[in-house]
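What follows is chain A paired twice: with chain B in the first complex and chain C in the second.
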Partner chain A sequence: MSTGVRSSNADAARPLAHATRDALAELLLSIADDEFVIGFWDSEWTGIAPILEEDVATSSISQDEIGHARALYELLAELTGDDADRIAFGREPDAYRHAALLNHPRTDWAFSVARRYLYETADAVRLEALSRSSYEPLAGLVAKMRREERYHLMHLDAWLRRLADAGGDARARLAEALTRLWPDAMTIFTPLGGEATLVAEGLLPEPMETLRERWLTQVVPILETLSLPVPSGDERGAPLTDGGRTQRTDDFRWLHGEFTMVARSEEGAAW
Partner chain B sequence: MVTAARSDISDPREAMIWAALDEIADPEIPTISVVELGVIGGFAFEPGLNGGERLTVELLPTFIGCPAVEIMREQVGERLRSLEVADDVEVEISFAEPWTSDRISPAGREKLCASGFAPPTPIALEAPSVNPDDLLTMLEIAVCPYCGSRNTTLDNPFGPTLCRAIYHCDACHQPFEQFKTV
Partner chain C sequence: MIHSGNVRAPDLELATHYAREFYGRRQESNRLWIVPRQAITELDDPDLLKPPFDRSFKRPGGYLIKHKLEAAKARAQEEG
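Moving on, here comes the complex of A and B:
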């Protein structure tokens, strides 16, 4: 990962107040970590995906996500005067801020499809909102990300239907994974500490809670049509606590060891 | 950054820069130049830090995670420094204006076709939607670069690089790649 990715609009952006900058940094970090961690989890399928075409597809999608993470880490580094490589690879596992959905290992193919379907659909809602952000460097990058993410959405929609329609073991595993993952998928929309500031200033055009409801309104009917598990009314409305982006698992600690291995082997190396 | 558009070639210095950039091949599909690919957003001369003049070039990645971007960045910087038209040359990677496949020039589309790539379908992409009915009509039919048939099948929307999809021509039975519509 090298430096230099930035929006030329950043030069013209008016300086942000400290509280706003900190809140924006938290927002950027949470999205970047989501993209980074799901990219690394699904890259674990490279070479062993169910069919050759899928091996190519899942590798390509993972490469997109890690690319998005890189660009977001660059924006964050520019905002806070940090270094993108350090943010990506230089933190301890507990300092990552990805959603609890991304704490799980890849498990089996149905599990990875279920997770990525929930993630892509939620991410689409989040990115649509951020494309309207008053922070121009983010709005510009997100506009570009959305052009790529629509391929991911299409692909995961196809896989969801394929496994659901297959019946038997494939459908059973998919349903089981969705049941297990729904509560953690909600944590993508965990309210941020400085969210009120971000919303008031238009950096985050709508609260996370509003985005969660929009996502559920879109996705639940699709899953119901396929007779797949959806959250109950109570689960849909349950408030999200702070822990959704801070609790880490041993599975993630293992992945962290994998993706930081090269960076740790030669500290300070440039590539 | 205020940038010189491709049409501003009345200025001899700018014409020379565009010509130099047009000699730089895309690292992954070398038959097409970075100008034809549309990844040069523009350039501008600005006062440099040490009193001289700085040339800043805006590079728009085709895909955010494209590993060829850094190679393009180095090649553009190296080529323009060799022209000695400014005291300093900086190549900025920018997302302020997103690259879309509509930025590939007509000449670029022809060159893609001649080297076995179906050019992207011209688009004005709207916002992505989670409505599956919209999603499944997203990929247009690719025209076979070998025989011109529209009787083609998408094998995989993901290919050997981020920007390529894999198709099969049901008329001449050739597999081919399409530069993705994005």
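Moving on, here comes the complex of A and C:
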């Protein structure tokens, strides 16, 4: 991870207070881990996606996400004086901060489509907000990420509609997956510990709670039009606790073992 | 317009996505035209495409004089 994003001199010109830096680090880590983990889960489809063309598309989109994670880990590494590779591969499973939505294995195709659709739509709302961040290195990176994410969303939207319209087993599996995933999808917008500081200083332009409501306002009507499951009123308004980004599952521990396997085989090696 | 290749897809929407992945993901394309197979008119008549006479004069370079040129250059070098 030697190449990639270099922060502008904006942060050098205006040093961040310790509390702000810690809060920003938490924000960057949560987004980076989201992108990293969904990239690895969906790359599990390489070689076994429904048709060859979709195999290439899914693999390519997964690589895009891992690329976004790399850029975010590098931004974080510069902020904290760490190393991007160490952050990506050198942590124990419990130190990852991705949303609970990404604890699940890829399961079947409908499940992966449902998870990815919920993730992409939520990510789009989050990235739109961050493109307005007062932390210029992040706003600049997010602007580039959004240009790729737009296509990811188009692709997942196409798949959601076609599984919904297909009826039968495809539709049933999609609906079942959505029902199962909705509560965990909410955890993408789990409030961060240092969120008040980030919002006050404009690094995070709006609170996670506001972003969650915006996402639901956008995505729920689309799913309703397709007669697919949506969260109840109570579920929509339920407060999100810290656990949304800290609880890890055995499925994730397995994935962690997979994606750290090569890095662990020769620690400190220059690849 | 260059033929990049073909993709299998159930409709134009996914065909567009797959064309982007197969022929654009390495940033090798500026624009892609995606056309369903049945919209292609094929011409493969050898009498129309490969007539039996030497028509090399219709090429931008005219008659092939490559060998004549090489011989002339060799002669010129010998004569030094």
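Descriptive notes on the structure:
Quick note on the criterion: the second predicted complex is superposed on the first by the 261 of 271 C-alpha atoms of A that agree within 3 Å, B and C clash if a C-alpha of one lies under 4 Å from a C-alpha of the other, contacts with A are read in each partner's own complex, and residues count from 1 in each chain.
Here is the rule we use: a contact is a pair of C-beta atoms (placed from the backbone, for glycine too) under 8 Å apart; a residue touches a chain by one contact, two chains touch by 3 or more.
Everything quoted here is computed from the prediction, not taken from an experiment.
In the three-chain model built by superposing on chain A, chain B clashes with chain C. In the superposed model, A:Thr121 lies in contact with chain B only, and not with chain C.
Of the two partner chains placed by superposition, A:Ala23 touches none, neither chain B nor chain C. Judged by the number of chain A residues each one touches, B leads among chain B and chain C. In the superposition on chain A, no contact is made by A:Ala177 with either chain B or chain C. When the shared chain is aligned, no partner comes close enough to touch A:Val37: not chain B, not chain C. Legend: residue contacts after superposition of the two complexes on their common chain; A:Val230 is shown touching neither chain B nor chain C. In the superposition on chain A, contact of A:Met145 is made with chain B only, not with chain C. Judged by the touch definition given at the top, the superposed model places A:Leu101 against neither chain B nor chain C.
In the superposition on chain A, contact of A:Leu204 is made with neither chain B nor chain C. Shared-chain residue A:Ile222: touches chain B; no touch with chain C. In the superposition on chain A, chain A positions 53, 56-57, 60, 151, 154-155, 158 are in contact with chain B in one complex as well as with chain C in the other. Taken in their complex, chain C has these residues touching chain A: 7-10, 13-14, 17-18, 20-22, 25.
The part of chain B that touches chain A in the complex is made up of residues 1, 58, 61, 63-66, 70, 73, 91-100, 125, 127-132, 135-136, 138-139, 155-160, 162, 166, 180, 182.
Listed in rising order, the residues of chain A touching chain C in the complex are 51-54, 56-57, 60, 151, 154-155, 158, 162.
Put simply, chain A touches chain B in their complex at residues 2, 4-9, 53, 56-57, 59-61, 63-68, 70-71, 121, 124-125, 127-128, 131, 136-137, 140-141, 143-151, 153-155, 157-158, 161, 218-219, 222.
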